[in-house]
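Chains here go by letter, A, B, C and D, matching the order in which they are written, and residues are numbered from 1 within each.
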Amino acid sequence: MDAVSVAVQKGRIDLAEETRRAAPGGDAGAVVTFAGYCRDEGGRLRALEIEHYPGMAERAIRMIAEEATRRWPVLGLRCIHRYGMIGPGEEIVFVACASVHRQAAFEAASFVMDFMKSKAPFWKREHLADGTTGGWVEAKDTDDLAADRWHRL
Amino acid sequence: MDAVSVAVQKGRIDLAEETRRAAPGGDAGAVVTFAGYCRDEGGRLRALEIEHYPGMAERAIRMIAEEATRRWPVLGLRCIHRYGMIGPGEEIVFVACASVHRQAAFEAASFVMDFMKSKAPFWKREHLADGTTGGWVEAKDTDDLAADRWHRL
Amino acid sequence: MKIVYFAWVRERIGMGEEEVALPAGIVTVDDLLHWLKGRGDNYAAALQAPEMIRVAIDQEHVPHSQPIGNCTEIALFPPMTGG
Amino acid sequence: MKIVYFAWVRERIGMGEEEVALPAGIVTVDDLLHWLKGRGDNYAAALQAPEMIRVAIDQEHVPHSQPIGNCTEIALFPPMTGG
């Protein structure tokens, strides 16, 4: 579906450029964007390392995005997820959703994010400020719950 | 409250610059932005004219934004509303909300938008492609309902 | 006291603001709306359905039951359509 | 058939992928996980709680009850933590 565009990339996400690209034509009344960032965890964290399953990562995100276009009247949906080493303050993930109405844009963007958290093949590992490698970030029950809530709609 | 920043302006909103400004420091994990656009209504519309109540407009938006910071753990909240003549495809309103977690950022941004629609002193009038002035846009019950749903939380 | 009008309330009344001296007995916003409505056809056209009119006293939204009290500016306008 | 491993499953097993010839009797994903678990300490460490392991067949997420069938790539990994 043409309305959906997905990228899985190592490099930085150009948020200003992506925001410019998300500006709609005459049909869309609303664009919601989401950017997820690497937090510094109070100075504890040196970087997040994100491992991904090449091929499946893009495919899984595309399936999530296309499901969103079936549930809401989406005019455009751009999804980007980074992998590799990501420093504090850097963006990890970006979603832009254009729709005729604001509620659909908010819900579709939120839906895509909830599924990217727990249904797309990415795994985070911490690298600590003291130079050691921390553990793999554990999946949160709250992320599964966030994705599951959409099944109840 | 320092986290809140409000502007009521005639000129275009620089979405790329606002998006850049919304990028958080190390604390925020999530930034949600909303941009509301003037639709072309299938070519029927030449422009929207937005009248506002100077002084009260900024004050009302600030009250809405500060209420959002009490309800959600918001780290930054930027709200901009334009007035004057606005052509199809141009942005009318912009909200950027930074928070530690995505759910709070989505909800706070959505809350602010729902209240800006029906509780901030702005009124839209249509100017039509045929050169005539159309009517004032009527308030929608759905906008009141959208604002009211937050009272039930 | 200054009264300011916006959008189609302003258009129907035919001015953006005016100074008025309230007669005795005008206590609440509702009293004000009904008194204004009787001031001429233009006011009657703007205020034919007073319950639709939104009111702000000194830039704060108030219900129609609100006593006007000691204020400097009252605003009358249609339901808001921002965003 | 190629099996690929990610994140701590990959680390514990000690490799990112391998070619395996499945013995007769391995029908479902669950059969595969239990067979792999018996192949050595590294596999046992990775698969000690098989119910936690997520599985994709040819890049599609599948439940553990899924028959493996005729596929080219099976992926084993921990719960996902993207976004």
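Just so it is clear, contacts are C-beta pairs under 8 Å (C-beta built on N, C-alpha and C of every residue); 3 or more make two chains touch, one makes a residue touch a chain.
Computed from a predicted structure; not experimentally measured.
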In terms of CA centroids, furthest away from chain B sits chain D
Between the Cα centroids of chain A and chain D the separation in whole angstrom comes to 26
The distance between the C-alpha centres of chain B and chain D, rounded to whole Å, is 48
Two or more other chains are touched by the chain B residues 36, 102, 113
Chain D touches at least 2 other chains through residues 83
All chain pairs satisfying the touch rule are A-B, A-D, B-C
Listed in rising order, the residues of chain B that touch chain A in the complex are 15-17, 19-20, 23-37, 39-41, 43, 88-89, 91, 100, 102-103, 105-106, 109-110, 113, 146
Listed in rising order, the residues of chain D that touch chain A in the complex are 4, 6-8, 56, 59, 61, 75, 77-83
Contacts from chain A onto chain D in the complex sit at residues 36, 50-53, 55-56, 59-60, 81, 92-93, 113, 116-125, 136-140, 143-144
